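Quick one: the structure is below, and I'll ask about it shortly.
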Amino acid sequence: MKIKVINPNTTLEMTKGIEHAAKSTARPDTQILAVSPKMGPVSIESFYDEYLSIPGVIDEVKKGEQEGVDAFVIACWGDPGLQAAREVTDKPVIGIAEASVYLASMLAARFSVVTVLPRIKTMLEDLVDSYGMSKRILNIRCTPLGVLDFERDPEGGMEALRQEGKRAVEEDNAEAILLGCAGMAEFADSLEKELGVPVIDGVVAAVKFAESIVDLGKKTSKLKTYKYPEKKEYVGVLENFGQIQSTIK
Amino acid sequence: MKIKVINPNTTLEMTKGIEHAAKSTARPDTQILAVSPKMGPVSIESFYDEYLSIPGVIDEVKKGEQEGVDAFVIACWGDPGLQAAREVTDKPVIGIAEASVYLASMLAARFSVVTVLPRIKTMLEDLVDSYGMSKRILNIRCTPLGVLDFERDPEGGMEALRQEGKRAVEEDNAEAILLGCAGMAEFADSLEKELGVPVIDGVVAAVKFAESIVDLGKKTSKLKTYKYPEKKEYVGVLENFGQIQSTIK
Amino acid sequence: MKIKVINPNTTLEMTKGIEHAAKSTARPDTQILAVSPKMGPVSIESFYDEYLSIPGVIDEVKKGEQEGVDAFVIACWGDPGLQAAREVTDKPVIGIAEASVYLASMLAARFSVVTVLPRIKTMLEDLVDSYGMSKRILNIRCTPLGVLDFERDPEGGMEALRQEGKRAVEEDNAEAILLGCAGMAEFADSLEKELGVPVIDGVVAAVKFAESIVDLGKKTSKLKTYKYPEKKEYVGVLENFGQIQSTIK
Amino acid sequence: MKIKVINPNTTLEMTKGIEHAAKSTARPDTQILAVSPKMGPVSIESFYDEYLSIPGVIDEVKKGEQEGVDAFVIACWGDPGLQAAREVTDKPVIGIAEASVYLASMLAARFSVVTVLPRIKTMLEDLVDSYGMSKRILNIRCTPLGVLDFERDPEGGMEALRQEGKRAVEEDNAEAILLGCAGMAEFADSLEKELGVPVIDGVVAAVKFAESIVDLGKKTSKLKTYKYPEKKEYVGVLENFGQIQSTIK
Amino acid sequence: MKIKVINPNTTLEMTKGIEHAAKSTARPDTQILAVSPKMGPVSIESFYDEYLSIPGVIDEVKKGEQEGVDAFVIACWGDPGLQAAREVTDKPVIGIAEASVYLASMLAARFSVVTVLPRIKTMLEDLVDSYGMSKRILNIRCTPLGVLDFERDPEGGMEALRQEGKRAVEEDNAEAILLGCAGMAEFADSLEKELGVPVIDGVVAAVKFAESIVDLGKKTSKLKTYKYPEKKEYVGVLENFGQIQSTIK
Amino acid sequence: MKIKVINPNTTLEMTKGIEHAAKSTARPDTQILAVSPKMGPVSIESFYDEYLSIPGVIDEVKKGEQEGVDAFVIACWGDPGLQAAREVTDKPVIGIAEASVYLASMLAARFSVVTVLPRIKTMLEDLVDSYGMSKRILNIRCTPLGVLDFERDPEGGMEALRQEGKRAVEEDNAEAILLGCAGMAEFADSLEKELGVPVIDGVVAAVKFAESIVDLGKKTSKLKTYKYPEKKEYVGVLENFGQIQSTIK
């Protein structure tokens, strides 16, 4: 099967890291297609970045329809555009935040998220609440680092995660740690060994869930909320987004 | 004062209707600047349209910073991009769904929304829930009409609203009716007379709230969640969105 | 238009402060009628005081019907008698706690309340929960001061608010501060400058919302919950409250 | 022990019915003191009536301190003034709505309330929600009858309860029925036989809980929320309410 | 009347303590039958112990049907098997956690639980949430002690409760303390004196509630959720549990 | 890898059906070990059956530790004993209800459950609420059939599911249907074709999730809630359950 993993930001080094994580966990017969969109921000650290990454994400999902993709993973811990992506394809689309909280809830009774800049906290609180997980999440712990700091200085990034992860275990009594950014996959194993609790990277979780759902032959429900969007005119630099029904079926 | 009312879709006839509603309620010394974005869909009826309208909305908010705007209204009942808009300006930004539910809750104990196509229901349920209003909203009633149907055939639109509005009063016991689309302002007064309960158009509600907040001298909090976005590179057709801090301050 | 601002306690000095705040923000053509009831406590700092202030509040609302009042503001942060007041008039009635939380939620993602004695905390928690705002309110911070301490010793009051306000910003990460007592209006501007986040006084917020609602021509829904009360006999010192329908229509 | 059962309305016939119910269930050594306040409405069917009954309720609780009362029951299904009553005494105070929902939840997994006029529905919804029972309550069913209609025409009252009770069992699948008015005690046994599910009258429930709590030697916590109110001046017809601390201790 | 108090663990010394507490509060004409099951763990400190205590609890409830029992109390703060117990009898069955939270909510606005090992915290959080009491419970405070440590070393147990109880009052502002284990009854009075807030032992609370419900003539609703279980074959060491309908009616 | 699928009831025909479903979806290199416990009920249709199936479930999980099992699936839609099972092993344990709701939420915005006897409804409501899914589940629809009726009369079972499934789609607007019993796997494909929305069988969902989690190398967190149970004495027919730590590590 072919799984398209979309890194919603345009930093290709990060996309490579995500690809590496995805491939390391995918089954031999699973083809991983890891991409960054053709438009949008180099990193996502605000509602502004989040929303502006979505056209690119949607564009990649639409292209995936012609690329023979069987399932999509949106590899940013805000799950940007997830519901819109489900509208433009009938293939399963999985967000890594979503996959992380569901996976964690099958392994641990209570858990904490460790993530990037403090300004992101409200966004993630509302996100996990929308997944019904508010009661299980003890804390969303922010580091002072931005998304690309983890690329530029992996050792510093690891140290920041280690510190907040330890606090999560000791102060929150977190029984699992969720890494709240797609660029943190490489730290998961070391952290898990150090902290003694499951440390969950959403990219690998989402890839495995995607494989499962494709195996099960399940597709996105097109009955109501996730029906294909109405075909209509789009203007300006987003003009091409008007072409919906014709390309998808 | 100058209030910029942004119709997130690109249908200028609808923008004119929104402008008309806004001006009819604004104070004499309030200047209404009603616009549609330079990019995006002609109507918003899905998560897809919603997210793809946001770049245009943000663009208009950013331009508003140089136009001497004192407050912004986002005139679509999904409040698209509201939180991002609050990041790129320190002027108040008000969504019409938000304004509607807060206004309604000061006039009625329980209420229902009447809106467009059924597929939109989930989106609006989650939206009002995010505003803490789930307990007060009895029902979200969809008509079979799309957004632009109300422009093309106002009589048919009025009839559809009348029917669902009556059901809301009789079956839900709704004590107020919220019109769940920015293009329904013209029907509010007639409906209110017929139904005997407050019928709330979000455009006028948001304009009045915007005037109030400007009078109070209040601005969006820039402490944490709504800080100006980090300056960073954007690529592709959204390239210009990288210019944040320089233009805004 | 004429807005009647009811200070539910009987301390006239405080009523004057409230009147001053209301007038400072009201439009030139808005007439502010600030009153204290003819009966009840000199301050409200318990459920006991709260409930015993309500007959006086209702009395003033009923008199307002003959005074040509267009809207009412209940100027105590417990919103005493708000729902009963909506029953005895069809003019809009706005509580300052209610106005505060709705205003704050249009300016800030998360906020804290700073208020009087610790015993009041439970009451305010339940109140903001009834407005659907529990998720947005980070903390309700009490000072050791009573309501009238802020009248007697404004400097001490300011210092107490400053301290708790700072803690709210630093420890809670509050992105706005709500002043949880009608007698704190005078401190709002200085605090806002010192703390760097919006500091919201409910009196001025409610007055502006009242103006807005009157401008919009909206009235309280009389369909069900807020119908005029059934006419019936009242006995004892509350005997006059039996006269309902006759005076109001 | 002595239990004071306060009927918050001033209709003495109804107080007698409540007294009769209370005595029929009280233990031989329990003295029931059933009273109506000296002030307030003849029936409670709105927020207006509810709030205006509270001064009389509080007055009776305060008098009870000198009458050697061991526990108080507030016999109206809105539990008017319950939290204030807990402030002015350290004896247990129990509301009949509160007692009803706790009793019901020990006997049945899901239940419905049957009560008086439709306008009361919102009030009761919010009340049971404040007791944490929203998930267990399937419906609040209103009859077209007012409180005193059940006194004037018991047969008509019984018929109305029977009809709504049947619908509750058949349509809601209610596993118990709660009688949402203190004047319905006399119908409970017949209804229970007819409907085949527990039918719960709050008056008898509250009396038994009061006996239990006195037996256990438990009193209202005076640590914080329910501390005695601050002593302060009261004016007008409520002047006497200023005398708090001196009479109570 | 006869109340059967079932200690779900098999430690007879603890059952005696529970019996002593129950008898000390029961009315003279109430017969207390305190038992431990014939099967199961010597203490309950995990989901494992909890679930494995349930067959024994159910067995004792079924036997109680032939022993002329009028009501049952399940004397473990996890309320193990409560809902199943309600299925196999029509007599009232009361859990001590349930009784504790309902009693506490009639005496105090907010409260904390003090209990045994930290691993139990999640279980109790979910339990009190299922009773609708999450908003009222400030904290669930664990001691490092196991259930039987309180039997073996009562002084050490008292000291642990004292310390956490004090923290609950001082740090949580708990207005009542709930003792989260059936073996803590003996400490309640001393703790209450020391802490100055109601300290609630669930065993005595449940016994008094059971007496009340029997007095009221109320039984478990057999309409739907708590109908007698379907008669069916059981195999292995639980074979005897297949005999349901025949023994119970 | 080896996945042990535990059918908590003792009906071997049903276990075979479950085994067949599990094998049909498992990867070629996954070994499915499908078993029924050595003790317990032939079907689970009440809290009584549910709790009495748990000792057998736990027993099979404990045996699995010596059988080289990599992950466990509990194949009953009440997820009986799930949290206890997580205590006695560090291998992942997945309930089919849990797997169903998480899978459904990745494919559909809103969904309904179709299940067996009406008495089960409360149990399932509470279960899905504990998974944070109350907002997404529109209805839990019961058929008049018991668990084994679907074994005895598959055509009648299919017809009952078809009818309730259609109502779920047409009346609830359910965008996916969850089959609320482990014995319904065989109907999923036909139903999905007829209803036009995803129809989710929990057994296959849980097996695929189990494979994913084993692939990811994740284990149950043993930090706090799911620590191995304290070793202690067990008596009576459950005596063998005292042997915990020694057998597991």
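Order of writing sets the labels: A, B, C, D, E and F. Residues in every chain begin at 1.
The working rule: contacts are C-beta pairs under 8 Å (C-beta built on N, C-alpha and C of every residue); 3 or more make two chains touch, one makes a residue touch a chain.
The chain lineup, named per UniProt: A, B, C, D, E, F = Aspartate/glutamate racemase family protein.
Computed from a predicted structure; not experimentally measured.
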Smallest count of steps, each to a touching chain, taking chain D to chain E: 1
Both-way neighbours, i.e. chains that touch chain F and touch chain C: A, B, D, E
Of B-D and A-F, whichever chain pair has more C-beta contact pairs: A-F
Maximum centroid distance from chain D, chain identifier (CA atoms): A
Proportion of interface numbers common to chain E and chain F (over half same, under half different): same
Cα-centroid distance, chain A relative to chain B, in whole angstrom: 29
Whole-Å gap separating chain A and chain E, where each centre is the average of the chain's CA atoms: 44
Two or more partner chains touched - positions in chain B: 83, 109-110, 118, 121-122, 135, 173, 224-225
Pairwise chain contacts under the document criterion: A-B, A-C, A-E, A-F, B-C, B-D, B-F, C-D, C-E, D-E, D-F, E-F
Contact set on chain A toward chain C in their complex: 118, 121-122, 129
Chain B residues within the chain D interface of the complex: 109-110, 135, 173
Interface residues, chain F side, partner chain E - complex: 10, 37-43, 45-52, 54-56, 58, 81, 83-84, 86-88, 117-119, 121-123, 126, 130, 146, 224-225, 227, 229-230, 232-239, 241-242, 244
Chain C residues within the chain B interface of the complex: 25, 27, 83, 92-94, 98, 102-103, 105-110, 131-136, 169, 173, 175-176, 196-198, 200, 204-205, 208-209, 211-213, 215-216, 218-221, 223-226
